[in-house]
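What follows is a set of structures for review.
One chain, subunit A, appears in both complexes that follow, with subunit B as partner in the first and subunit C in the second.
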Partner chain A sequence: MTATDSPGSARDLVTGRSWRATGGYLAGRCVEYGVVLALALVINFVLPRALPGGPLQTLGGGGESVGLLSPEDQKRVLAEYGLDRSTSEQFLTYLSNLARLDLGNSFADGQPVVDVISRALPWTLLLVGSSILLGFGIGVLLGAFGALRRQRGKGNILLGTALLFDSMPAFWLGMLLIAFFGVFLGVLPTFGVGDGFDDPAALPRHLLLPVLTLTLTGLGQFFLYTRYSMLSVLSSDHIEHGRARGIPRRRLTIRHALRPALLPVHTLLMIEIGFLVGGAVVVETVFAYPGLGRVTFEAIRAKDFPLMQGTFLVLTVTVVAMNAVADATYALIDPRVRTGTAP
Partner chain B sequence: MSYLSLLRPLPSVLIATTLLLASLTGCGGDRESSSAERPGPKRAEELTIAVATDEGTLTPYTQNTGYPGSNLVALIYDKLLELDEKNQPQPLLAQSMRAAPDNKTFTLTLRDGVTWHDGEPFGPDDVVFSVDYYKKHTVADSAPQLQDVKDVTVDGNRVVFTLGSADPEFPSRLLADMRILPEHVWSTIDKPENATAEQAIGTGPYKLVSYKKDQGYELQANPDYAMGTPKLDKIRVSIIPEQQTALAALRTGEVDTWSRTVPEEQAKGLERQRGIKIVRGPGFASTLLAFNNARKPFDNPEVRRAIAQAIDVDKIIETVLRGRAERGNPGFWHPDAPGADPALGHVYDVAGAKEALDAAGATPGGDGIQVLDGKPLNFTLLVYSVSPERIRVAELIRDMLKQVGIGVTVNSLDADSVDAKVWPGYDVTKGRDYDMAMWGWSAPVMLDTTMLPAVVDSDTTLGRLNITGTKDPQLDQLADRLRAATTLEERHTLLGDMQRRLAEIVPFVTLYYPDGAYAYRQDVFDGWVYQDGAGILNKMSYVDLRR
Partner chain C sequence: MTATEVVLAAPAEAPARRRLRDLLGVAGAVGVTIVGGMVLVAAIGPPLVGNDGLSPVAEPWAEPRAGLWLGGDDVGKDLFAQLVIGTRASLAVGIAVGLITTVVAAVVGAAAAVGPRWLEATLMRLSDVMLTLPELPLLIVAAAFLGRGIDIRIAILASLAWAGAARVVRAGVLSAWSSPHLEVAKAMGAPARHLLIRHASYVVAPLLIPIFVRGAMRAVIADASLSFLGLGDPTTPSWGTILYWASASGAFLTDAWSRWPLPAGLAITVTVVALALIGVAVEDRINPAMRRVR
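Entry: the complex of A and B
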């Protein structure tokens, strides 16, 4: 769902040629996003309940304890959390609570889901945000470089290394980094965030390995996108034309080649940011990092319905929001969208 | 473009990888590989324990797991009695206990001068309140067993429990299990499952100072602890979900022990590192091969016995567990647990197994699989996909049973899917849908003789853990008598009878009990006490208890 689907409307939006058309476009888009969000909300409710098992193990004390409860006691436990009611009743409660922005309390420890999420969210934004920015920056630079040097050894080494990191499981790379920097060299902590925001000076040391892991495994796709896109631009007519006109090489590369080559990378960046909040489950688990990915992981493991619904909701809203941002900003970046000449 | 050029960085990457893996497994990083057995300090200023999951706000109602959740809650809350290394109840909040000869009335004299962490005095009213509270709010693992407490009365500094029926195990099962709650805090808590960390106030040896969800806890020694002297000034608990990360942190000294048993393949590398020690002892958690006794041909004891005989348990222990497990007692009870019949032993006899199958009427089929009642003996064996150990055991069992003409397909599923087939809704009245399954019960089951009836009684209101659908009138009768027995000796006698009957009819095969192997930084703290079947995370490890 990007603006390229409807370049004419985007043009109207930017040039302001027709307010009525713009209003219609915005309304149409809002309806689209509304439908996606509504569907996602339904799925967020259904998914946790579709998993085998259910939350009785968590609620009933775990292990044998839950089995030793009589069937009546088991029912009483479920009733205490409203799980004895029909699915449709539960769904209505879920919707009405959602409308009041009440996400309920976690089954596992009774804490409000909003508190749990808002405590974890800054950590994930810090980790994944910095990794995406680093991956994007380094990936684009190296990608452009790799495209310019495509026939030479350096470019091929870059491509090989990027492919290697891109195909490396984050879990495995994280373990290797822990083993090398944490255990073998003993220079970096192996887990956690120390005293967290209470001791900001120690934070960079704790962040280094998880950020490095996510950056290394993430920059490959930025590299590959940029390189491929840059290669196709470099072989296009307007570059040939520019070269013939004697435009300086640096200017030609950056302004005439890299800029248009970044369009697909921009889309990728938006997708990545969209998945930012839920995208680090594995790395957060390996490094015992207190972010939202871990909360999601633990919630799924414990069949903690309210917490699962809450984390899924944050994930859904971010993805939809970032799609909207991508839609809105595409017109600003691509002049063809503005002038209505986009393919 | 030459694709070979892509491979150029490969050698250096491989070397680096090997180097890193070597350091992880302990051949490169630990230059000092002495295993000096010099004892370490018995007291320490600070100790960090790594656990795998968050345990909520550390109250009896908000812990997430039995182990190590209860063990952490025990730092903050005390019980009236406490189990010792051999699982015998000893005084704690109660300084003495007197049981009436009929084991129906228990009189406990409480210790004087005990205060709650907030300075309020502890008294008998708190005990009465706790019993009432647990009875009212049943969502806690120590709650279900209180139904039989008919009355709790206060007589000065004494509390008298009166039971509806005689229960010689009441002290170890209930009094050494029920965490006493402060009335002045909990009387205002309507939803105990929402209790906060600020409300985690006990009489225990450590006070909860801070809790950061998914990160950890900080506890400070309680200087006014009346029942002993805390050995540590401060205990930190770090939550590290990933096993490899936790073990790496143990190597670097960021944590000083890990709550889980160290897998045997990791143990050697850890032990080579100076400062790290592994303490081993019996583990009471069991690993079983469960049969669905309600499904043909597992309703036939001959067939079950034949399968049991075809399994070489010693080989399983040697190859999969590297010898670090106790061989299963066919009567289920761990040989070191109170009441076990040590004379019972597993019989491995392939020829005998074949004969037994023949005697049951099995005939050779076309593809080497025996046929019984017109059906080939092909079965599915369910196993948790998260347990590499059990998957390997299941595969060995498959190979062993093939020798006697039984075909087994190992089906590894996520734990919830296996549970949904073996123990739907965690309620045995809902039946079961499986042939065979790798199963196990946790360690506390071995500390309560009435748990054996719970595992095998065919009356589903009593046999709440009878996931195999065991149905044997003789066992049921023994189970009834065991529950009604008024003395511990009588219960142990009947427990022995039940074990012998189990060995005869084999409703499931008790394969082994993995040993506990706990790694810790001996150079930081060496005051750990191993409690049989339960490991080192217990009150005796953290406190010099006054007895």
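Entry: the complex of A and C
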């Protein structure tokens, strides 16, 4: 039912506009996501061909040793991988391979890149997903608390601690946690995930340190933004007015201050997803955690270019998908999106 | 440190330290002092340590002693020398990326705010796209394919960092654009260029300091992460490569953790915290709303 069908009902008017506004917003974001994915595809296609050594090294299957091949052999390898054809033809081949989920084979052990990645992806999603939820939840709560306690001891200690964790390289914090809990106290495993999903009871012990590392380094941004945003809202007129009207303090803080203060934090969430996925890459390396970050690290070490490209592509898709989820929840906290009055 | 010197341009007669604290509060003053100290170490430190940190000068896993303050790594290279020399690379990357980000953000943000509608739409959609790309994975493929020199890494880091900052500048110019005295100037026929340079720039300029600081912070950490993953510049020591070798040799599982991974990570953390303190101090200072809530 659209607004023009029932001009008499204000409620329908609002609902009708809401669907169109939400739809338009989501459509705009979808176009953006499409552009991001297209960009990632183009980067993946162009980079190996832009390398000084030429695509032979990066795509021709043998890493740096192809430099030792005779000119005839080099020609043969180029033809075998279709690298002697025109750029547009190569691009079409690349896209059609991609559509069949063929990302090439890993140089290191000849396995299909898709297989290596599909084994690692669930682990990264588990790590990043739980860290985002924890970091967002704890960061927002502490941030609101820090804003209310501004200029007092507790608030300043919180601010200092948040700044500290926000400033640490995630992989370094991971090393320190391993040195303390894994070696000094000896109470937690220092690497890997044991038997993985086959032994779910042991899993939390293995996950604890990586998740803790990523949560601690990620929640600083959420804390700082919530605090900053909350302070701006607290000084606005509607809070002053609400206080004068005698709205209970708790209700005023949560409904009237925290909810509007969360809007910019939600925008940050989308940026932070990309950041946390990047953090996961280095944290996984420290903990020898079997996710995409670890795969990336091994690929860098072995100069395994197809695998590197594959993980980059999959990480980009992951970030875009998580952004889409975050987008879909936007209407939950911003009523203006639902009523079509969003700026 | 051009950005912090701008902050310091205050009345001449007060003693420098008092002036700094009055202007930025204790936190900001601490930040400026630490960053200043780091710049000093980067400038005069490397010649003083006596070796380049790249070749072995002692036995493997050497214990600390006079002249070898943090001992040696797993092949006997001087860890203290690596730490001091690494200051240069980290600060250079941070400052260069911060400056480029600030300039690009100022130009793009201003263009998006006062330019034609199609330009605004293009630039803002582009920045949305840049913000969605995952930073570190993109850095990894770029560094892996394009090389590991410091100039290439600065270019890659800066090309990813401008997007969020440009949006901040655009918002600042837009809010300046609607202020009464600019309305008056517009009504009197002032050209956009004049409005931007003579009027809006005074509102936007303070925003650039947090932008510089945040760009530098992210660059220092991202650069260390790249080096940690084995994509560092092999020709010069850096804090990230120290941590890479500490991890590769398992030093953080041994007693060497306190003289090998700890100082390098602390150096990164302290530098970034100092930058963050400057940023927070300036932000609190320039947002009038912050001063109202006390």
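We take it that the second predicted complex is superposed on the first by the 233 of 343 C-alpha atoms of A that agree within 3 Å, B and C clash if a C-alpha of one lies under 4 Å from a C-alpha of the other, contacts with A are read in each partner's own complex, and residues count from 1 in each chain.
We adopt the following convention: a contact is a pair of C-beta atoms (placed from the backbone, for glycine too) under 8 Å apart; a residue touches a chain by one contact, two chains touch by 3 or more.
Just so we're clear, the structure is a prediction, and the values are computed from it rather than from any experiment.
In the superposed pair of complexes, A:I43 makes contact with subunit C only, with no contact to subunit B.
Residue contacts after overlaying the shared chain place A:T161 against subunit B, while subunit C stays out of touching range. By the touch criterion defined above, A:S229 reaches neither subunit B nor subunit C.
In the superposition on chain A, A:F287 makes contact with subunit B only, not with subunit C. In the superposition on chain A, A:Y33 makes contact with subunit C only, not with subunit B. By the touch criterion stated above, A:A179 is placed in contact with subunit B and with subunit C alike. By the touch criterion defined above, A:G110 lies against subunit B but remains apart from subunit C after alignment on the C-alpha atoms of chain A. In the superposition on chain A, contact of A:Q74 is made with subunit B only, not with subunit C.
Once the two complexes are overlaid on the shared chain, A:P169 sits against subunit C while remaining clear of subunit B.
On subunit A, the surface touched by subunit B in one complex and the surface touched by subunit C in the other have residues 51, 58, 150-151, 159, 163-164, 175-176, 178-179, 182-183, 190, 285-286, 297 in common.
Those residues of subunit B that touch subunit A in the complex are listed here as 1-2, 5-9, 13, 17, 19-21, 23-24, 28-29, 53-54, 56-57, 62, 64-66, 69, 138-141, 144, 191, 193-195, 212-216, 238-242, 244-246, 248-249, 251-252, 254, 414-417, 419-420, 423, 425-429, 441-442, 444-445, 451, 454, 461, 464-465. Remark: subunit A residues 51-54, 56-71, 73-74, 76-77, 80, 105, 108-111, 116, 119-120, 150-151, 153, 156-157, 159-161, 163-164, 175-176, 178-180, 182-184, 186, 189-193, 196, 285-288, 290, 294-295, 297-298, 302-303 touch subunit B in the complex. Listing the residues of subunit C that touch subunit A in their complex gives 125, 128-129, 131-142, 144-146, 164, 217, 221-222, 224-225, 228-231, 243, 246-247, 252-253, 257, 261-262, 264-265, 268-269, 272-273, 275-277, 280, 283, 287, 289-290, 292-294. Note for the complex: subunit A touches subunit C at residues 32-33, 35-36, 39-40, 43-44, 47-48, 50-51, 58, 150-151, 159, 163-164, 166-172, 175-176, 178-179, 182-183, 190, 224, 228, 231-232, 234-236, 270-271, 274-275, 277-279, 281-282, 285-286, 296-297, 300-301, 305, 308-309, 311-312, 315-316, 318-320, 323.
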